[in-house]
Amino acid sequence: MSIASVFALCAAAAVGLGLYGLLVSPQPLRKILAFNLLGSGVFVLFGVVARRGAAAGFASDPIPQALVITGIVVAFSATALAVALLLRLLQVSGSATLAAHSSARSSRDPAGT
Amino acid sequence: MPDPAPALDAVTAGAFLLVLAIVVPVAGLLAAFAAGGRWVERIALTTLPLGLAIAVAIAIALWRTDAPIVYLLGAWAPPLGVALRADGLSALMMAITAVVICGVGIFACADFRIPAGATEARAPFAFWILLLAIWAALNMVFVAGDLFTLYVALELLTFAAVPLVSLDGRAETLQAALRYLIFALLGSAFYLVGSALLYGAYGTLDIVLLSHQLRAQPATLVAAALMTVGLLAKTALFPLHLWLPPAHAGAPAACSAVLSALVVKGSFFIVVRLWFGVMPGLPGSAAAQLLAALGAAAIVLGSIVALRQERLKLLVAYSTLAQIGYLFLMFPLALDPATARLASGGALAGGILQAISHATAKAAMFMSAGLLYAALGHDRISGLAGVARALPLSVLAFALGGMALIGPPGSGAYLAKTLLLQAADDGGQWWWTVVIQAGGMFTAGYWLLVLVHTLARGDASAALRARVSRLQEAAALALALCSLLLGLFPWDAYLAIPAGAAASNPLTLKALSSLLWPIVGGAVLATLLGRSGLPPARLRVENLLVAVIRPVRRGVLVLSGTIERLDGALRQWPVAAISLLVIAMLLGAAMQAAQSLD
Amino acid sequence: MALDIVTIVAVSAGAFFFLAGTVGLLRFPDTLTRLHALTKADNLGVGLVALGLLPRAGSLSGGLKLICVWLLVLLASATVSQLIARAARDSGPLP
Amino acid sequence: MTFALALHIALAGMMLGLAAWTIAARETFAAVVGFVVYGLFLALVWVRLDALDVALAEAAIGGGLNGLLLLGAAARLRAAEAPADAERPGASLRLLAALLSATVAAALAAAVLLLPEPAPTLAPAAAANAAATGLANPVTNVLMAFRAMDTMLEKVVLLLAVVGVWSIAPDHFWGGRPGVRHQADPQGTLAFLARVLTPFGIVVGIYLSWTGASHPGGAFQGATILAAMWLLIMMAGLADTPPMNARRLRLMLIAGPAVFLLVGLGGLAFGAAFLAYPAAYAKPLILAIEAAMVLTVAITLGLLVAGPPERSAAP
């Protein structure tokens, strides 16, 4: 079993764990955390692909590595935006939950402007 | 119709226009961010005509060359570099995006003013910058030739769309934005996994190179299923629509218009690129039927729940849900039974036309709904009596926009419907004919429901709280008219339209009856299902009718109440997320089955 | 050869101190005693590992980098444990 | 070889254990701490996968800034944790979710393990074209030359994240300073750390950015460390965030993508193509873009962690 296979299994498991967390965690912050876990699994998958593509004197294919770095930046921005929204939601409503307490129909005051 | 197999590494004439289409809005947003204050709006408004001109120039260039426009970024050829490619689909989507963005920009001038005395205000600053960002992201989505560049473009789109949802800062909209963001992130993670697998299998992410090499192997099938479902989550196809109604209904009108008309089309367009461009031979019949079945369910559920809304903006948002379903009906119709491949023929043209006419019509509808809200201070459908007299132009924009969705002869939706029906006939898939016709009736149903209320007698002018800007009404009307007249555009330069489909005389009896039936059916549906009841009857005949209808209506209301509860259940987070995984598995299994049949 | 022995002995000793620190972290009853175990044992552990790796650094700059790493870890752990201890004192005994 | 394999399996096991802890931990704060440690192990995994550039990025972001952001949020959300807990789905739904997630993971694992041999790669192509830029780090080549468009758009994504975070500020704080003002004892421990560590950190950050041309490292990794130093100074109470409408701040926030765009347009006007660098000037041009990007990214990341404006500009 090669390095790539070990970490491929590890990445797939991290994706699975992240998915599970995203599905069942009731708290938005835990969902954000689970998304980060899921994302890290995806990135390691790119790393495995890069490692398998070692050639031409490179120990690892540089293209997937570059994609991962771009991906990490995007994932961090997403986390920051989500956390900001969540904290503001807490500030405005006093609660931090994604559950729709009321059905869409009875939502009181859709804006019009 | 341009050659479907574009050249790989030859830069074609006029290709720098593709770069400009992305660079101009990006430069605009950077400059607006740096300048701040009142310059934000000025810079954005200057960018609008520039971008529109570029989109038109691309459409003309494509018409002249009759082959896809290709540009190699940094002069690096794929697979190492990234290519931009514009075919007929891209050019059309870019053009319609430019039109809608310009319309929304004109509309938004009045709404996003900096208050007197302030040098800069939050909402205008964010709105104009995000509007330009959405434009850049969409243009990138339409021309990017590389799956990872598409991912970055998709994220750009999400990052620009989410803050628009919560621009007014109320708790509900913040919650809607957060739901939207997290669900969209789940979708993009799935898309990214798929790209990793495809790179691992083929060593490239270039769309054309991939389409040449693609074989059915485990990595390809898993990637196809995960990427598709990730994009469906971002498109809010039933049952993955948990985020759409609150987000689109809660946002300010100009934002709702952009979100509903354009943003969901971005991820939809990537599904089309993926299925028709990268892997036309892979999905097979079962997977295509599955997508269209979800679309049909979206039409039924979205329309029925729309009919049961008390508020206009939510009705329009649920109508978007139904119309998104309509877009996915083309997948099985485009499948060539002889080769089991997706063919870029009439069905694809119909689907894209539907997307285009929905873009303009829905933008107009959200704008006029916003105008009514601003003028009345509420948007309860039952409180709209007399509005048609008080605000004739706003109501007219709504009426024309809704009419354009139903598809009278000459409109874009009419042409789209003709193409889809023809493809269904040719393929012997009569069940989709039924769905397409029913979809028209449902659309007419909620359209009529609103119109009847606005036309009812009442004194709305006394209740008007604010004056409505003529410019805003004009912007909404222009977009609605645009959608109504789209059928007259020379589409065959860009889309593969079978001969005869476009040529039918719009004034024949058959063509007119195609408008009449949806409206009659819609009237029945609105009477039976409409929550906001009907205005009080004054004629004896009406009273008689109501007496006959009442028991039937009671029965149907029970059914539609059940459907509404189903919608509520599906929009619970765990249920929606589980549906996402289930659909991924069904798609994977369907594709696997299609491959083992061969 | 002698350098190899230095490396083996020092790194093993470092690892032992890390182990001891971790056992302390898991077994001690409250924040302050846990910190006590961690800071003492881990700082020594890091120092020993760095010392053991010095002969293998290969170049002067490599060796200097190792020493920098050691110093920075010392600085960080010293300040952070101070901060944690103060927070623990301010908020009362934590479980 | 077997020892190395055992090491890898142990590393993978540790990582998964921490991942499971992150999902299963009762308290959100504990889960976040688990995630930060997970990030550090992840950096080790990247080292073992021979992707040092990514390892640096992961250590700086995953172990550093992301941890800071999430820990801060967890602390502020502590009071709201209990009510949301009541919405935990029932046991049967959880079981279904577990089954489905496991199936997706299994499908993914199978797909990767069954990838074709020999693996397709662009490494030879990247090596063959490295001369065009004059940079020795292949990852920087990809980011700055072959796929420069992605990198430029990603910088726009960062800017949009700032706009998004700012856009949810209360209206009356528009023009104010982001984040809370940290009051700390100027003679205290944290201030001491900030004073001693910051010079080191700045040197390391600039070094990482500079060396990225030929060795592992790069603009993003270096900028992350600079951002961390900035945040440390602010948390120690030694400095405050600038008002969000300061002209100089706005200019620094767009410097990276703007220089990138200008150089790209220069290529369109005078060179071979948009984002193409003339061979003679490739290296200085790329370094100029990277210098602007370091500045922009460092400030952007700091502001993203600081959050929306929460007070007026007056200090």
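When the chains are written out, they are named A, B, C and D in that same order, and each has its own residue count from 1.
Note that in this section contacts are C-beta pairs under 8 Å (C-beta built on N, C-alpha and C of every residue); 3 or more make two chains touch, one makes a residue touch a chain.
Note that the structure is a prediction, hence the values are computed from the model and not measured.
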Chain whose Cα mean lies nearest the overall Cα mean: A
Label of the chain whose CA centroid is most distant from the centroid of chain A: C
Inter-chain centre distance, chain C versus chain D - centres from mean C-alpha coordinates, in Å: 27
Chain A-chain D separation of Cα centroids, rounded to whole Å: 13
Geometric centre distance via CA averages, chain C-chain B, whole Å: 58
Between chain B and chain D, centroid-to-centroid distance (C-alpha), Å: 33
Per-residue multi-chain contacts in chain D, two or more chains: 89, 93, 97, 100-101, 104, 108, 112, 115, 119-122, 126, 146-147, 150, 154, 157, 160-161, 164, 168
Chain A: positions in contact with at least two other chains: 15, 18-19, 23-24, 28, 32, 45, 48-49, 52-53, 63, 67, 70, 74, 77-78, 81, 85-86, 88, 97, 99
All touching chain pairs, where touch follows the definition stated at the start: A-B, A-D, B-D, C-D
Chain A partner contacts - residues on chain D that touch it in the complex: 4-5, 8-9, 12, 15-16, 19-20, 22-23, 28, 31-32, 35, 38-39, 42, 45-46, 48-51, 53-54, 57-58, 61-62, 65-66, 69-70, 73-74, 76-77, 80-81, 83-89, 93-94, 97-98, 100-102, 104-106, 108-109, 112-113, 115, 119-124, 126-128, 138-139, 141-143, 146-147, 150-151, 154, 157-158, 160-161, 164-165, 168, 218, 220, 301, 304-305, 307-308
Residues of chain A defined as touching chain B within the complex: 15, 18-19, 22-24, 28, 31-32, 35, 38-39, 42, 45-46, 48-49, 52-53, 63-64, 67, 70-71, 74, 77-78, 81-82, 85-86, 88-89, 92-93, 97-100, 103-105, 107-113
Of all residues in chain D, those that touch chain C in their complex: 189-190, 192-193, 196-197, 200
Sites on chain C touched by chain D in the complex: 68, 72, 75-76, 79, 82-83, 86
Chain D - residues contacting chain B, complex: 89, 93, 96-97, 100-101, 103-104, 107-108, 110-112, 114-116, 119-122, 125-126, 129, 145-150, 153-154, 156-157, 159-161, 163-164, 166-171, 174-175, 245, 247, 250-251, 253-254, 257-258, 261, 264-265, 267-268, 272-277
